[in-house]
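Two complexes come next, and they have one chain in common, chain A, joined by chain B in the first and chain C in the second.
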Partner chain A sequence: MAKEKDPFFVGWGKIPKDYKVFLISLTASIIAVFAILSYAISSTQSDPGDGALMGLTTAVGILQADPYPVLHVISSGRYQPGETIILSGGGKRGVVKRAAGFDGQVVRAAGVTMQRGDLNGMQLRSGKNGLRGDDTGADAFTVRVENLGRWRLTGEICDGKCLNGAMRPGRGLAHKACANLCLLGGVPPVFVSSAPVEGSEFLLMADANGKAVTEEILKFTATYVEIEGEVERRGELLIFKISPETIRLAQ
Partner chain B sequence: MALSLLTMATWYIYAGGAVAAVFLTIGLGRLDENASDAWIFRPLLIPGVLLIWPLVLWRWRVLHRGENKLDRHRMPRAAQDRIALAFVCAIPLIIGIALISRQNPDALAPPVLLEAAK
Partner chain C sequence: MSVSYVPVQWNPNKWKYDAVLIALVVVYIIVFLRLGTPAADFTRPVDGAILRIRAFGSCAFLMLTVILAIGPLARLDKRFAPILYNRRHFGVMTTAVAFTHAMYVLGWYFAYAPIPRLEALLVSNTSFGQFLGFPIEALGIAALLILSVLAATSHDFWLSFLSAPVWKSLHLMIYPAYVFVVAHVALGYFQDAKSPVFALIFTGGALTVAGLHLASWFKERRFSPSTEKWVKACKPSEIPDKRAVIVTISQQERVAIFRTGNSFSAVSNTCAHQGGPLGEGKIVYGHVTCPWHGFSYKARNGCSPAPFTEKIPTYNMSLENGVLFIDPKANQPGTDVEPIIVEGVVHG
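The block that comes next holds the complex of A and B.
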């Protein structure tokens, strides 16, 4: 019988001699190519940063509802007095409605803490367990407000929850849809500057009047943009009161 | 733009729902005698019909007219090699263009103070 030149090969059978070299070479090549490709592609991605969830905590402080809810800490087991915390809710939701009734009041906030660099965040627990008025007589203080002038900043518009550690990565094009859903849900937008402005690279965004600015910025999230606006320090947090008509893509 | 796409996709799915309702209750039993009086499995086909309902309508029409000659794969088969080659070229090309044209975070302008606080 003539030698079979093109033997039929099935996976559970013995590999025909003629195929052995070819199959081993092919398998090794595929593994090598995909290893190189995965390294090459992943090495082009930005570092997701050090944002992370840090466990449950409670803080008493002064709530400021505009442009988005933040807490200026009076006392807390975790935060120093005077630190400012950006507040968000569960999932892709903010706490604008929950916070509206407490504007300027001393409240007790409880939830999961998030931190990225000098940016503090808290995902509040639901209902009164997460946010309620505080009647323990905590010493309220006047939140320091300082105008830092008009700036042109280059950087990225992110949602303040994912950026802070709820997602990794919480910024960049791959995260754009998530960022927009979070912003639409009321999560505070945060501008990440290309370099620190007066000591911080993170700025809570607002419109020129210091109100919410979500609708105007949705088109520009997750890309590098240039924006002009007034920068204001409130407590420990910088507020970037933008002029939406000045937003344009960087580079 | 995104809203228009979303609206079109929504209406596409609605149309798929209408096709699924008619095809899975009336058409399927007529086309395949093995499916006659068999109902339990039909809801499982709904997601698929929602997505490929134009293909379902076309096959329904062909089979209803008795035009099925089992040659429906001929065209894709003939083009398969060329399509595979096109993908092999297109995928690295797309990745390459994306990497070249994306914004460079290292080249961003620093903050500029336009007007000091008064």
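The block that comes next holds the complex of A and C.
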């Protein structure tokens, strides 16, 4: 009688009957709970946004090397004349070196297009296939530059390639190290403002002199920050010329 | 027990245990990737690699949470003991799942860069001085390293090689590992996930582990430590037949008084195997039997029956005015002590 009343399990022995029922239901419920939690976690993942790779294209345009290489389109099968495209290379690389010799010149760029909202990007093919001087005599124009004054913006510093659709999601704290690797590799940093500035929430970042600003911002990528600086519209792209000493974590 | 070491001493229970573990992981991953994710509200799909990073990562967190809940649960309700037995298999499986998560991270976030992956891991984020933006990878690596060491030393060979107390303290590193994992998630995905569901599950899991440990700690404090010379234990009738009562005699020392019919013996509460709570065990085939992995000892001298050689300390007892007292000075492991015989005792 004592045996039935006081069951005891020993690993090498037989599992007592009372335990068996308990264990079978426990096993079933643990698996069921795991399935439910799995569904709950996976079905409520945040939307990574609309950034995406959109296939190959070519564009002829005016290359601007500073702060980071961008192309102001003259003609393209995909882009409207006047549109501005942020340029990057394969993997976590920028095209700073390749673009340096072409500053202000008309070039032909080819690669994979990326798009997120009104942010245009292109991952150039390697070598001359991706970027070369254009000799077809396309009509260059003067890129319109407009100073929009001094702003204090809150938002997130991202790498302009992953954000643009090379990764989904391509922002946030889990992605911080990856964003830093992209920036270190020369990918242009893009500021995602929490409130649109003159209609756009994406701003290419530069230092106060309009030059590259990578080193100063690595610490602050992927977090919610507040930054002051001059905003300038160049072509269709906003440039945020920040004062790096004003960056602070926002609430 | 200490006979010879084979990779794992398989028995049917272990096979079933491992089958359940594999089923658990497979069900979790399939539901995550095939059922839950398609139901999520995405403008465009999340990258496959990132989905797998999330699936294996969250699975490892939940498994570790269950592992840490098993200990206190088994103390609060004995029926959980069979899950505790072979908990090491659970640990090894969790390490494998966590490792898979880490490999996907390395192959996605740290690949395609101009610098090699492992170097990228080191240089990409060095903001150790800040809270948000802290390199969560470092926390994950710390946890994974601990888990790997524990998995690698989980075999009984290491237990006897390192001695039970050293092995036991080494394996307490599971707690810092869990703290690292919680921080890894709290400063990473937790910040990115906008839905409160993940936040609830994550904090719920971590709080459950903390709460269960507190509850089992309270349960053990029923007998408070004493500084008297001989420690008052309990009336013989308070001990059920073939069971024990645990008496705390100092901060670290607990004694289990076992009863077999009308005979009473006191032994250390700590099993020589992995420090399991012998007092929660039972007299099986005439021997004190550990609830964790079934090592057994003779109650009167603390020796494992031949051919085994484990020994635990015994304690002297006396009966005064119908109450058992324990001499807090332990005898050398294996010392024979004449049991106290109490005639006519019934379980009250």
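In this section, the second predicted complex is superposed on the first by the 211 of 251 C-alpha atoms of A that agree within 3 Å, B and C clash if a C-alpha of one lies under 4 Å from a C-alpha of the other, contacts with A are read in each partner's own complex, and residues count from 1 in each chain.
The criterion applied here is as follows: a residue touches a chain if its C-beta (ideal position, glycine included) is under 8 Å from a C-beta of that chain, and two chains touch if they have at least 3 such contacts.
Since we're looking at a predicted model, the values are computed, not measured.
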| Does the superposition put A:T27 against chain B (first), chain C (second), both, or neither? | second
| request: With the two complexes superposed on chain A, say which partner A:N147 touches: chain B (first), chain C (second), both, or neither. | output: first
| query | Looking at the overlay, does A:A195 come into contact with chain B only (first), chain C only (second), both, or neither? | reply | first
| field | Partner chain(s) touched by A:S46 [first = chain B, second = chain C, both, neither] | value | both
| task | Could you say whether A:A250 touches chain B, chain C, both of them, or neither, answering first, second, both or neither? | result | first
| request: Check the residue A:R168 against both partner chains and state whether it touches chain B (first), chain C (second), both, or neither. | output: second
| request: For A:L181, select first, second, both or neither according to whether it touches chain B, chain C, the two together, or no partner. | output: second
| said: Contact-wise, after the overlay, does A:A35 reach chain B, chain C, both or neither (first, second, both, neither)? | reply: second
| said: In this superposition, which partner touches a larger number of chain A residues, chain B or chain C? | reply: C
| field | Overlap of chain C and chain B interfaces on chain A (superposed complexes) | value | 41, 44, 46, 173, 223-224, 249
| request: Give every residue of chain A touching chain C within the complex, in rising order. | output: 2, 6, 8-13, 15, 18-19, 22-23, 26-27, 30-31, 34-35, 37-52, 90-93, 165, 167-169, 172-178, 180-182, 184-185, 218-224, 249
| said: List the residues on chain B that touch chain A in their complex, please. | reply: 95, 99, 102-105, 107-118
| query | Which part of chain A faces chain B closely enough to touch in the complex? | reply | 41, 44, 46, 146-155, 173, 193-197, 223-224, 226, 228, 249-251
| Touching chain A in the complex: which residues of chain C? | 11, 13, 20, 23-24, 27-29, 31-33, 35-37, 39-47, 50-51, 54-55, 58-59, 62, 66, 78-83, 85-86, 108-115, 120-121, 123-125, 127, 130, 132-133, 135-137, 187-189, 191-195, 197-198, 201, 240-243, 281-282, 284, 289, 291-294
